[in-house]
Structures are given as C-alpha cells and as structure tokens.
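Below is one structure. I have some questions about it.
Order as written gives the chain letters A, B, C and D; numbering starts at 1 within each chain.
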Amino acid sequence: MKVGIIGAGRIGKVHAKNISMYIPEMEITMVSDPFLNDETEAYMRACGVQKFSKSARDIFDDPEIEAVLICSSTDTHAEMIMEAAKAGKHIFCEKPIAYDLQKVREAIQAADDAGVKLQVGFCRRFDHNHRAVYDAVRAGKIGEVNLVRITSRDPEPPTIAYVKSSGGIFYDMMIHDFDMARFLAGSEVTEVCAYGSVLVDKQIGEVGDVDTAAVMLKFESGAIGMIDNSRKAVYGYDQRVEVFGSAGCVQDENDIPSTAILSTADGTVYGTAYKVMWDRYTNAFVSEMKAFAQAVIHDTQPPVSGLDGLYPVLMAAAATKSLKEGRPVKIAEIC
Amino acid sequence: MKVGIIGAGRIGKVHAKNISMYIPEMEITMVSDPFLNDETEAYMRACGVQKFSKSARDIFDDPEIEAVLICSSTDTHAEMIMEAAKAGKHIFCEKPIAYDLQKVREAIQAADDAGVKLQVGFCRRFDHNHRAVYDAVRAGKIGEVNLVRITSRDPEPPTIAYVKSSGGIFYDMMIHDFDMARFLAGSEVTEVCAYGSVLVDKQIGEVGDVDTAAVMLKFESGAIGMIDNSRKAVYGYDQRVEVFGSAGCVQDENDIPSTAILSTADGTVYGTAYKVMWDRYTNAFVSEMKAFAQAVIHDTQPPVSGLDGLYPVLMAAAATKSLKEGRPVKIAEIC
Amino acid sequence: MKVGIIGAGRIGKVHAKNISMYIPEMEITMVSDPFLNDETEAYMRACGVQKFSKSARDIFDDPEIEAVLICSSTDTHAEMIMEAAKAGKHIFCEKPIAYDLQKVREAIQAADDAGVKLQVGFCRRFDHNHRAVYDAVRAGKIGEVNLVRITSRDPEPPTIAYVKSSGGIFYDMMIHDFDMARFLAGSEVTEVCAYGSVLVDKQIGEVGDVDTAAVMLKFESGAIGMIDNSRKAVYGYDQRVEVFGSAGCVQDENDIPSTAILSTADGTVYGTAYKVMWDRYTNAFVSEMKAFAQAVIHDTQPPVSGLDGLYPVLMAAAATKSLKEGRPVKIAEIC
Amino acid sequence: MKVGIIGAGRIGKVHAKNISMYIPEMEITMVSDPFLNDETEAYMRACGVQKFSKSARDIFDDPEIEAVLICSSTDTHAEMIMEAAKAGKHIFCEKPIAYDLQKVREAIQAADDAGVKLQVGFCRRFDHNHRAVYDAVRAGKIGEVNLVRITSRDPEPPTIAYVKSSGGIFYDMMIHDFDMARFLAGSEVTEVCAYGSVLVDKQIGEVGDVDTAAVMLKFESGAIGMIDNSRKAVYGYDQRVEVFGSAGCVQDENDIPSTAILSTADGTVYGTAYKVMWDRYTNAFVSEMKAFAQAVIHDTQPPVSGLDGLYPVLMAAAATKSLKEGRPVKIAEIC
C-alpha cells in the first residue's frame, strides 16, 4: 500500500519514521511540503521516501498512491481532505479537521461521497494505558459509566505566536480530551460548561486565551464528565483518565521511564512522568497508523471516523462559548 | 477539662470512645440524649461517663462542665450552639451547623458574643493523608495553587428516609468536600457550577435529590476546583484529593488495610480501600478532638472556626441553586 | 483478668499503655522493677497501675494476679518463667526466652508441667501486613511454598554496649526473622547457612559481631528461605517479606506515614518507611496482647507457643555456628 | 558496518529484526545456519539479509564482513569465537561462552590475540530498569554497596530435553544473575554457597538438576549477594533487583503492559508482569546491539567484555560444586 505524506513537519516525520520501521504493509512513495529543505529530505530518504514535491497536487495526481497522510497545518486540513477525496485517495488526517464546523462537515461529506476512508489522528485512543482503561469499560468490568475524569497537562506552554493561531486551548489542547471523553463514556455529550483562568503566563491571557481550564460534560446517558487542562506541569507530561461506574472504577497512571525506586534519608523517589509527548505516545502513533493501514487493506471502517473528528470540534465550540458567556452551553446550540 | 456530650448516636459514641482512650486532657462528665437506652448508657459508662440525662439543659446547667460536644441531629445544632454559648460553654459542633444560612450566622454570632470557642467537626482536615497534602501545599512545595481536584464516593447510599431529611447531596455529602476545597486552595470560592444525575437509585431522584454530582468552583485566586461525588462506590469508601500548582502536584491515595500484594496467574491484587468511613478516618476523629482540647486549654483559635462552618453551607446553597437553575451561581448571590 | 508486669523498661511501658487503652479485658494490678523511679511510676499510674514493687516476687505472691508479662532483661527470662510457672501464673514472655538452649527447654517444661499458658513475644506475627501475607499463604492462594524471602533492616545500630550483651545479630535481630520464616513457610527449618560482614561500624566487628548478615534456610518441605539483616538503613525501619509458591507470590511493603505523592521538577516522592520500630508495629503489640488475653480467658492455646520460642533460638545457634565455621549447619547438630 | 549472523534460531532472528529496525549503522550481509529453511530465509530477507549459507565458514571468509554475531548453540560458541578471531572479525557472542572454563579462557585469549572486539550477550545489563538501578548505584546515591538481592523466575520450565543439555540451572538461568550481581555490586565474587530443590517438576530432578535455587555470594568488598531462581512463576516473568548500601537502597519492579488499575468489589487489580522474556527485554536486546555497533565503530571497549563472560561461568561452576558438596565454595577453588 503506497502512501503520500502531505506536510513534513514534526508529526509528518514521526509518521514517516514509524511507517519505515513498524508498518511493513505501507510504503511512502512521495512527501510534499512547500518548505521542503535538504535536512528534511535526508530524513525522509532514510525512511525510504524516493519522491519529493513542494505541492500536494503531485501526490493527488500520482496514480500509484492509494492513501494520503495529511500532516500539514490545521487551516489546510479540510481543503486537503476534499482534494484527496476527489482524487480517490484514502485519508488519514491529523486533528482537528478544522476550527470551522461547516468546513469539517463538508470535508467529511466529501470523503463519504467519494467512498474513501477517512481516519482522524486522535492518537491517544491507541495509547496502551488509555486503551486498557477503555477495554475494561467496554468489557463491562465497571458496569454502567457514571463519571469520566480526565487530566491533561502539558510540560510547557507553546509560544505565544502558536497560541494566537491555535484556536484556543479548547481547540488545540482539550480537543484530545473531548475525544477521549466520548471514547471512554460510550455516549455523546449534550452539554458543556467551561471554566478558565490565566495562571501560567499573562501573555496567554493578553492574546485572548486561557492556560488553565476545567470543563464539565453532560452525556446523553446521564453520566458526567470532568476534564482539566494546564499548559504547564513542571513535573512532565501528565495524562491520566478515570472511569467510575456502577460496578467499579478503572484509571491509569502516567508511564515512567523506569521502575527504579530509590530510598534514601531524604525520602523515596519513584520514576516521574515523561517530559515529552513523543515519549509517552510513541507506540500510540504506531498503532493508529497500523490501524489505518489495516482499515484500507481489509476495507473496514477506520477506528476513528470523520464523525469522531466532528464531535470534539462541536465540544470545543461549546466550551469556548461557555467560557465566554459564563454559562453551560448545549451542543444543540452549536451548528 | 470536663465536657458534656449532647447526643449519644453514632458520632457521639465515637467521640466518647476516643476521648476515653486518646484524650487524657478531657473527661466526659455527662451525656444527654432524649432517647437514651441501657445499651448506650453501658457503652458510655465504659468510656468513663458518670452522669446521664434526657435533656441537654442539665449539661448547660452543670457548672463543672467547660465544653460541650454537639452530636445531636443537624436540625438542633444551631439552637444548641446558642444555648451553650449562653451558658458560657466552649463548643465543638458536628457539621453542618444548619441548612439555613440565617441560623448558621446567628449561631456563630452567639458564640462570638459569648466569647466561647466554636469548632466545627470537619474531621477530614485532620486525616493524615489529606493533612500531608495540605502541609505540602502550605509549605510551598507546589508553588501557587492552580487546580484542586477532589473525589469523594461512599460505599453505599443511605436510606431513602435519610436522603429525604438530609438537605440533599450538597449539604449532606459534598459539604465535606466544599470545606476541603477551601482548606487546600487557601482561597475563598466565588462561584459554583453543579451537575447532577440519578444513576445509583431511582428512588433518590424521586425524593428530589441526585446520587451522582460534579461541581466546578472558582476561587478568588483564579484557581479552579473540581469535585465529584457518588453515593455508591462498590469498591469502598473512596476519598482522594489532588492539588496542582505552578511548581508541582500533590495528591493522596486511599488508605488500605494492608500492603500485601498477591500475584497469581489471574493478575496482581493490591489492597483495596476501606469499606467504612470509620476505618478511614479513625485517627482524624481523634486528632480533631485533640485539637479542640488544645484550643480550649491553651486559649487559642480552634483550627476549624465558625466561619469555616459557614462557607461550606454557602457553597452547598449555591450548588443546590446551580443544579436547579442550570447555571453557575455566584456565592454573592446567596444570602 | 488481673496481670502483673515484670520489668518497666521500654517494652514494659508499651504493653502497659496498650493494655490501659485497648485491652479492657486486662487490668494491671502490679508492676515490678528493681530500678523503679518516680517517672516510671507516674507513667504506670496513668495506665491504671496501683501497686509497685522492686521485686517480681511480690507479683508471684499476689493471689489476685492471674498472669504475668515478663519484660525484664533477657538473661532473667528463663528464671522468671520458671518462677511464674511455680506460682501458677499464665505467662507472656518477651523474646528470646534465653540464649542458652537448655534454659529455654527447662522454662518451657516448667510452664508445661504447671499447666500455665506461655506465649512468646514475637510481635511481628501480629503485624497487619505480615499477617495478610500469612493469611494468603495459609489460604492456599500461592499453592505450595517454594521460597521465603525476608528483609529486616534497622534504622540505626544499637550502642556497642548493647551489641556486646546482645548475643549477636542472630539472637538479637534475626531471631524475629527466624520466627517469621517458620511462620510463613509452615515447615520446620533443618539447615542454616550464614554469611556476615562488618560494613556499618567497625566497633561492632571489634566486639565479635557482624552488622550485615544473610542467611539461607532449608525447610523440611524442600522450600528454601533467605533472610537479610542490616543494622543500619538510613531510610528507615525496613521490614518486608515475600513468599513464592507453585500458584503465585505474595509480598508486603513497608507501611508509610501517609499516602501523599509529590511530583515536582525534581521527581516524584512517595512516603518513606517509618523510622522507628514502635511506629511500624504499633498495632502488632496490641494484637499480640489481645491474643494472649483471649487465650487465657477462653483457655485456648496461645498463638505463639513455648516451642515457637525454642525454634528461633536453635536457628540462631545454628547461624552463629555456621558463620564461625564457614559451612552450613544442620539444626540437628545443635542440642 | 557489515555483519554476519551465525545461527538463525530464536535469538538470531531477534537480533536480525532489531538491526533492521533500530540499528541503521549495521547491515546484515549474510546469515549461516546448518538447518536453514525457507521460512527462516524469508524472515531474514525481510530483515534485509541477501546471502545465506549452511556454514559459518562462508561468513568468516567474506572479506566484506566486519563483525559476527554468534547465535548458534552454546557448545559451538567457543570454537566460533576462535574461528572468528582468526578471521579478524569483531565478535558478539551469546552467553555463556562455554560450560568448560578452559574453553572460555582459550576463546577470550584468541580474541585478545587477534585484537578483535568481543562482547558477550548479557542483555539484562541493558534493561532500562536494571540500568536505572545500576546508574543510581554508580552515581553513589546509595553509598557503599552492602547487599545485592536478585530475583529471577521464569514463567515456565523448559522441556526436559533442554534441561538435560543446559548445563544445569546455574549455567543456564542463574548465569544472568551472576553477571547482574557483579555488575551491580561493582566487586568480584570470592565465594558462592548454593541451595537447590526440586519443587516444580520431578523430572527435572530425575535428570540431575534442580528447579528452585538460592545462592549467597561473598564479594571482595565485604558485600553479600543473594539470588533466587525458580523455573516456574505462574504470574509471569519475574525479574527484580535490589541494591542496599550505606546511604540508601535502590530496587526495581517488573514492567507491566499497562498502568491501568481496576477497583471492583473483589479488590484492586494492577498490571501484572509480562509473561514472556522477549516482552520484558525488548529494548535491552536493541541496546546491547547498539552498544556493540558503537564499540566497533568508535574502536572502544565493548561494555560486556570477554572477562565478563568468564566470571559468571566461574560462579556457575562454584554454585554447582557447592550444591553437590553441601558447602560454600571459593571461586579460587575453581580453575
């Protein structure tokens, strides 16, 4: 299965490397990026890539290429999906599809109409820890879901320039947690209520965003969700989930680099969380790509569908509105 | 220091036993309870009590008695405080002082006017685990507080009769967490937003209460709080707190009956949480009473003041209103 | 049940306090100690003791006293047991009964002949963690026992004066682990092989003892035991056991003062072990005394018998010989 | 750097796969195995291998090949090392070099004489957990080493046929722990005392081996080591080390497949150890090969030298003799 990668930034490189090492069923035919440089080409060649272009058009036009990985900037995602769909390519698209709901819907429609597969890059669903929690919930081990709690804290805030163009914490950061909440609860969200503060960096507030946020969710099932985000956890990349139900509770802990435990007169020190996202979700990126390859090869439904890409954007819109208006916002209000 | 205990129910007995075993600086002179029976008298005698009465009046009138423990039903707390204050007795009162805010304020005023000490029975502040979290926060180990997360789940719902008269989950159960939130955050709450569901027992809904609740709090400092409650956690009494700040995060785990770990072909089983509140907070009840004795003896401010009794009731009122009206409610709206 | 305490040192005081607080079925009639002083008397009076004597004889002669607690120095234990037996008193005796095997046997015989109960103070059997391990083993949860591993490390070495008179590390410190090994394995030891080093304090070596020791045990059942001791663990009092069998493995961890976990940029710090033996085994001392009281009251076999007192002394003798002669020593060689 | 792999069994395949995925600095030119079949060739081709032979001779004769990986059966290791040395190839050899000490010494000598690098495959030194323990010890975090404890238990015993030809548990299984003990202690072993039992499978006893073994070690430094082995731990592959010293203690725990924790009315279940060696030591195999490649490329000393291959064999010989003769055996007795 030959693929093209659109966008050779950080995430494009991660996918290229993973495919070359772990996904023998895929071969990367071409990489396109308007800002291709020698270093990037060298990196990509080491991943087995032979052809390069400044334009995604060359990928769409290559009849050999069966699927594309859209790893370009968020504002191009929707258009790329529509182009790829038109060209009959299966699509793996990084999250979010777009900040604009209309565009998200059009992109999903385009893929549907063209009959191509569309998988959205919510990689955390493929993390071994979150997956083990999900599996326990789906296997009925905690009975009916009553509460979902998600903590998601980054080790360092992004640059202010990035924050400005990010769409805000709900679109950029909590969107992963919105997806995780639906995934774990097994029920759709009907209402969102958001609180937010600027506690990490005043400049984040000055560009109109918050850096600390908490959200409550109402699910159709009656279950309640709680999410908290911070742009800065000095101890590392902190990602934990908990699902509480009628028959029990399942939660996960952060991965740690080693299990070594040191006891001295000063106390007992355990391994601390990873400091970098790529270390925590190393395998998750591989697994999501493997799943996409399998869905294309076996002509099955990708595990994260276009609609799975839409819902978190709806939730982000509702959270943004809730924070602005100081009241709970129903998903039905968002259109 | 001679004390009288008003109310010889479950909590009255716990305090009597603890005083007899662990608080040599206190002696229980009299116990009053309108429903005193032989069994209770025998129990109290074993705790060193000599005098009994059906009326708290006899305690107020006993010139030997320096302090009273108000362990009667919640609807009598405020009146008992006022009577005790009039009689010049120091007061330890179980939580909450009252459901009615006016009564709470009058009771606090009465104690103030009389110059007697008033400590409210928020025992969890004295739990060794929560206290270690608090100590780390106050010692500045996590820097400025950004987020407070509290989980509080009971092993079994109370009887429907109890639920009816309890004032609702926010007054009866989450009131402890409201106190804990202020205690840990070191800042007052300005707004509350509550979500609630009936997921454990339909009858709880039929009498107008919820059994699963989540609340977000805004603190003056800008920090955000999150609390979740469930009336039924099948795995035991689940009480955990987490405080996240600019320099780190501190959290606690449930106590477990033993540290034994069993690994078999079926997996690895660790100790699970206690099933009963009294087992988890055994030492907390002792420590709060010790603290009250010390405050009286050394004429210092009790560690949980009358105002500490007032604020959680304000928060419970705000949460109740928030749930009813489907919107965040400012504490300032409650009067 | 009225008891007399012989010896008012540290351990005598611990038992007195525990009886006064937790063992309502016992009453301490008299305390004897040749070096009684005002402070000790005051302490004991607060535990409800009324009568004092410089001589244990007064306790043996008191017809009211049903049982004695022998808490005097080790070299007097055997004689005290024989005197108490002659006087028809039930006996709780601190470990070890004696360093001399002949004396141990005579003391046990004396108690047997007199038909009085004799319990030896191996308190660790009553620790909640070790007991949970034991219960799992006895319940068959790990199948047949194959290996027993015991770690036992003190926070600080005793004084050199104490070391000199202690009988050596195997009699003074590892004797508890010898008892624990038999207790957990459910099989008698047939051979002991000891290694020892002086790594903590040269003076310990100069008085003929070691401060770091390791022992392997052969059990009748074919199982193998391993014990390690150190006189100095800077991180606290370290006591862990592990039993590995055909169907699994069960182990315990040290208790910790709180479950608080602090994550900062410097790492994640958990609670560390207690620094003091009395903190770790607080409840174990209560439980063993409760068990003794129950055995006397209900006329049942005490849970730690005279023979349970003998076997660890045999093992200590074998270990001492093994270390000296540089070879494994069979218990059958010791007589 | 072009390499040849001698022996295409399980471990040869693991190395081939790892080189193809993770060691870009190596390229596998040829694989030799007397029992090469189509399936193995296909597997190896997928790892980039182009040439195959039934004889290692073809590898030694290939001037392109700079280094060999000796993955053939243990009885051929020493001879292969000598042949490779003669051919001037650098050598990575699986453990142990041989059961016969004379052969081990000759092989090491041959490599030394030829000036080729020789690394022995003690992969556990490269495990991230054991390495973190080692790093803490070497960084002086626990001060002087006093005790080393190693537990090593396999999930399932090998076939009886394998046991017969394995050289016994000390050469086949505990040899890894002998290496680990030296590695962690940073001191040579001077004496070994072994206990062994047949508790897992009588047939293992019938062919002259034991399936449960414990060993004590004396180190030159005065430190003491303890190792236990079992051929069958039903809960998985159990590999833990602990080093105790004058300034603290460092230990590791088994890796677990996920951090998910499930609490139900039946208790709290954590992740259990991996069931298969290859899952636990996945990265260790990669790291040791990376280290070998680096040593060759940069002409540095490989991290596990020929002498590191010799010492564990000396210890295995001493342990075997100790078990047979029922006494501690000095390494100096082995020649």
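Keep this in mind: a residue touches a chain if its C-beta (ideal position, glycine included) is under 8 Å from a C-beta of that chain, and two chains touch if they have at least 3 such contacts.
Source: prediction; values computed, not measured.
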item	value
Shared interface partners, meaning chains that touch subunit A and subunit B	C, D
Type of subunit C:subunit D copy interface by residue overlap (half), same or different	same
Chain pair showing more contacts of the two, A-D and B-D	A-D
Centroid distance [mean C-alpha coordinates] between subunit D and subunit A, Å	40
Computed distance of Cα centres, subunit D from subunit B, in Å	58
Residue numbers of subunit A (touch at least two other chains)	234-235, 238, 247-249, 263-265, 271
Subunit C - residues contacting subunit B, complex	21-22, 24, 46, 128-129, 131-133, 136, 141-142, 247-255, 257-265, 271
Interface residues, subunit D side, partner subunit B - complex	234-236, 238, 263-265, 267-273
Contact set on subunit D toward subunit C in their complex	144, 146-147, 149, 151, 153, 193, 195-200, 212-214, 216, 218, 222-224, 226, 228, 230, 232-235, 238, 244, 246-249, 326-328
